[in-house]
Amino acid sequence: MQLGMIGLGRMGANLVRRLMREGHECVVYDVAAEAIEQLAGEGAIPAASLAELVAKLDPPRAAWIMVPAGYVHGVVDELAGLMESGDAIIDGGNSYYRDDIDRAVALKPRGIDYLDVGTSGGVFGLDRGFCLMIGGPDDAVARLDPIFATIAPGVEAAERTPGRTGDPTPAEQGYLHCGPTGAGHFVKMVHNGIEYGMMASFAEGLNVIANADIGTREHDIDAETAPLRDPQYYPFDIDVRDVAEVWRRGSVISSWLLDLTASALQASPKLEEFGGRVSDSGEGRWTQHAAIDEGVPAPVLATALYERFSSRDGDEFANKILSAMRKQFGGHDEKPAGGAS
Amino acid sequence: MQLGMIGLGRMGANLVRRLMREGHECVVYDVAAEAIEQLAGEGAIPAASLAELVAKLDPPRAAWIMVPAGYVHGVVDELAGLMESGDAIIDGGNSYYRDDIDRAVALKPRGIDYLDVGTSGGVFGLDRGFCLMIGGPDDAVARLDPIFATIAPGVEAAERTPGRTGDPTPAEQGYLHCGPTGAGHFVKMVHNGIEYGMMASFAEGLNVIANADIGTREHDIDAETAPLRDPQYYPFDIDVRDVAEVWRRGSVISSWLLDLTASALQASPKLEEFGGRVSDSGEGRWTQHAAIDEGVPAPVLATALYERFSSRDGDEFANKILSAMRKQFGGHDEKPAGGAS
Amino acid sequence: MQLGMIGLGRMGANLVRRLMREGHECVVYDVAAEAIEQLAGEGAIPAASLAELVAKLDPPRAAWIMVPAGYVHGVVDELAGLMESGDAIIDGGNSYYRDDIDRAVALKPRGIDYLDVGTSGGVFGLDRGFCLMIGGPDDAVARLDPIFATIAPGVEAAERTPGRTGDPTPAEQGYLHCGPTGAGHFVKMVHNGIEYGMMASFAEGLNVIANADIGTREHDIDAETAPLRDPQYYPFDIDVRDVAEVWRRGSVISSWLLDLTASALQASPKLEEFGGRVSDSGEGRWTQHAAIDEGVPAPVLATALYERFSSRDGDEFANKILSAMRKQFGGHDEKPAGGAS
Amino acid sequence: MQLGMIGLGRMGANLVRRLMREGHECVVYDVAAEAIEQLAGEGAIPAASLAELVAKLDPPRAAWIMVPAGYVHGVVDELAGLMESGDAIIDGGNSYYRDDIDRAVALKPRGIDYLDVGTSGGVFGLDRGFCLMIGGPDDAVARLDPIFATIAPGVEAAERTPGRTGDPTPAEQGYLHCGPTGAGHFVKMVHNGIEYGMMASFAEGLNVIANADIGTREHDIDAETAPLRDPQYYPFDIDVRDVAEVWRRGSVISSWLLDLTASALQASPKLEEFGGRVSDSGEGRWTQHAAIDEGVPAPVLATALYERFSSRDGDEFANKILSAMRKQFGGHDEKPAGGAS
């Protein structure tokens, strides 16, 4: 079927490619003309503006927005002004699900359906398929089923879960209608919250392994240094790259994130090209808001999020306060930099 | 080649089966006679005692111990008394790596090699293969390579990591000589620490999804209850089972633990048969000791571990203290049980 | 000077008493007639309605609201309808500071000043004085200075901070104009966030002391139980009550919360009358929202908050998922209840 | 009575001064001759060696060791060789309580009593008194009661706890016989664990206040930056110094650590002279070991400890792994430094 795509970055462009492979027709627009040209060269129908994109789609239209969260609102507004009753707007980006709920309410009087589609898969989605978490009205979701089914990885991407028999459900094919508007981005939000926790688990664990040689290093003996009691138990110089690799097969923690970690370490065993300033893009934060509102504890996910803030020096003043307190009650001076211990 | 197996529980028995499938000869012993009989019926050579097991092995012998951590020490001691120089003892259980180091030192004068092999794979290892993390002297590890290679899943169990070319290394086949004695269980220890963090990430996140209907429930308005400000943003009745399923294909968090979660929820969507008292078996604890000794932060893994303690009511007195403090400064009475909010 | 007080619960009534002691005139209202009578008997001017309360105050009026957070909005609305330009409304409760900002904007056209005053001191405030964190316009805050100065503890409540000389500032007397509207409740919010962290610190630590006899208890040896390696190091039967007491003098952690803990343990050494279901009243939650919005890590405060959710069984489904995963990959059955280890 | 003091740093010297003020006789030794001279000038009896110190004490002798944890073992050994049955060694430093237990066992055959005394009070102890947490045999503790009573702050240092009547117990005077050998340092260990949690609570909270102006700062709009949704709620430029001050009187979180924080901020409102590399001296680590061994959750204390490790860049490799993963799955590049958001 036909789909308009707005935003032709990594994700948007690959969605278009995956759809065209299966014969869907894509009308594409981006603020960058070269992105449009690129995809037009691959078979997409170019549109020089949102108005042109809407004009080139047959009603009932469907336009998929794939732009940074900060720009979604403006695009939805402009698009809604160009569309008519029966059309559908799909936000495939990382919007806050609460905005979805508000937007759906605002668009309802005009008869425009609003769908929120959490999209996971990253730069590998073109071949691997994208996992889709969908929120919106039943009939609109049903109408767009061929689009979702094409984008999703398909049931063969993983062995079927024991007990799942018969025709594979959409969930088994990699796309799920999670509930009414907002439910898609809600589930995607939590997905990313979990992602942060898993990533932190690997990062902390591999860091423990990378420092298993602490017993072979020199240490100060003074009141400012916690003594290492048993250096004989930390003699290990372990190849972190091989550890990530061996865990990929047969271990309990085998996972796609581990695969990626092994790739990264294979390419750069010490990861020197990274500074360790870790960004976060919103979902981990919103997951905390939801956990707190629900009265549901999520301290592992919170701590994973906050580690990212610390990596970006968000803890600077807090740490100065700690040093200042220690100076006050114990006359302790800070030790200069020089290692983890 | 030939291997003695001591301890024929789930793990030990499946190791034997996997070895026999590939033509290795296994002499087996367990404290439970029926476990020996069972495997003898499948082709293993039964031994009625450790002495008989040692007698039935040709030197240089290799005996693999697969018993609960609390019993390893006694078995190693007895076994060492029966063996001779050139033989090897393999501890495949979940021993603390420090004990490995101590045991290797104790066995060295007798010329007995001691290997510690962290073994991951659980009840699925028979077919899936086991991930092996190996510590010990180079020559002994090399001598036992055929055993390890058979137990491990093999390179075809996962796509090769980009950049890994040529003959697959042992790490790519699912077994790794991590370093000298202790290194194997050290890496396995951290593996389990990571496992706890990943499990907690999924558990916390799915709990947030399971409670996304909080806005539809009744709430008290009083000084003891934090008000839910925006109930309209928590209208969702989301099928947690389908969420776990959809994430299995194409998402960033796809993983074996997610596969298992989907299986569990497929079998029992509400998990009513569980009470939520979560055991831990030591490695998560030791991972914390190592992180602390190394001066490496591991708060996500720590929090995941401590959540298990809380699930078993280890926080009981602490919570009473909190309620007592609130009563003291604010005259607050505890609210009776009745939901998460 | 003159003040209207709306809400005569523990906090409101004690504020009135403290003000009257110093000669201020208080007009008082509550939904409960007996609360009004009680304070009228102590010298306050009773008002049977908000309208009567406003009528009995001379312009420019000042009315202090001390009601549960869920009721503030309605009271402010009704009160604003009765007041005139130049009057002031003071919210002394635990409102979310964002509501203050919104309310001040709404009241501005009518010329009514809105002040948010975070009030700490609990049931002891009558004698100890209340710590006041004030937000609002400069002139209104200045006009009400005599009220604030009377409610606050006064400089003699603590030794002066080294370097603070000359006339004591309001901050040194226990009240502070923190900034424009919202700043008072913002600072109070963080105060409570810190309070949760401190309380959790004591609770966790005392729990470690209370369980220092773990080495003298029986333990299972099985695959579901992490073995206690060194029971000889946990022989202690320590009197937690005396520990709380000894820390009150000379230790680094001496604090009012410790004083209260010592009181509670003195009255009830085992705290049997508490069930350990710990409420939270909103500020700890909002502190997390602020930390997240600011990109400032607050994992200690987050964890303290989430421990309260767990104490109220908010972790129930998460724990079931953990047990279900363990059952899946390792065939582990849950152990029945029976202690922390 | 008479006491030998070994180690005349800040703590040791002030203990001697406090004892001499009340008429006790102190024989003093330090590796630094000038430290001995200084105290000799104030009335102490100098000793040029441990042998001389022992020789100058009348049996039954009591020698108090106040040296960095790394040196305690050597001093105890040498001292024990010089002492005779009936003498007592007091370790007043920050030893690991397990070492106390081991030392007491080793000294028992020679009839030398070993006492472990956790000593809190910092540089202010001379005037404020020191809080003493004592472990050791009953009769030795009883014999040294006059020493402990002098060092401790005395009952007047705080109001008596309601319900405590009659003659003040030692706990009320600021010293407590916690139990057999090791119990003193065990309680002190947990004291410091709690201290870390309280310090972190203040540091995190004040950091939230210090960044309450985030809404007035510029922010990027891109896929690597979580958008600040409601900048209008973060307009505050709050004086952190005054906030610390106002909380000192009447608030729930008033405490000695807050007093010290107020002092530090009074002297240096921005704390520019600190780099924020926060040391830890062992007790916070050991508290975690104990919590884990006991099966008692202590995630707040763990997180506080780990924040210190992160402040010293112990998280460096972990953060690089996180950035590397993000690059892998999303093609995300790290953002350069420039603020917390």
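Each chain carries a letter (A, B, C and D) given by its place in the written order, and its residues are counted from 1.
In this text, contacts are C-beta pairs under 8 Å (C-beta built on N, C-alpha and C of every residue); 3 or more make two chains touch, one makes a residue touch a chain.
Chain by chain, the UniProt names read as follows: A, B, C, D = Decarboxylating 6-phosphogluconate dehydrogenase.
Note that this is a predicted model, so its numbers are computed, not measured.
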Reaching subunit D from subunit A through chains that touch each other, fewest steps: 1
Maximum centroid distance from subunit C, chain identifier (CA atoms): B
Whole-Å gap separating subunit A and subunit C, where each centre is the average of the chain's CA atoms: 37
Mean-CA-position distance for subunit D and subunit C (Å): 28
Subunit B-subunit C separation of Cα centroids, rounded to whole Å: 42
Contacts with two or more other chains, residues of subunit D listed in rising order: 122, 200, 202, 204, 206-207, 211, 226, 229, 252, 256-257, 263, 285, 291, 293-299, 303, 307, 309-310, 312, 314-315, 318, 329, 339-341
Residue ranges of subunit B in contact with subunit D within the complex: 252, 285, 288-289, 291-299, 302-303, 305-307, 309-310, 312, 314-315, 318, 329
Contact set on subunit B toward subunit C in their complex: 9-10, 68-71, 96, 122-124, 199-200, 202-204, 206-207, 210-211, 221-227, 229, 256-257, 260-261, 263-265, 268, 271, 274-282, 285, 299, 303, 307-332, 334-337, 339-341
Footprint of subunit A on subunit B - complex, ascending: 97-98, 101, 120-122, 125, 128-133, 152-155, 157-159, 161-164, 169-176, 178-180, 182-183, 186-187, 190-198, 200-202, 204-209, 211-212, 214, 226, 228-230, 232-239, 242-243, 245-259, 262-263, 266-267, 287, 290-291, 293-301, 303-304, 307, 339-341
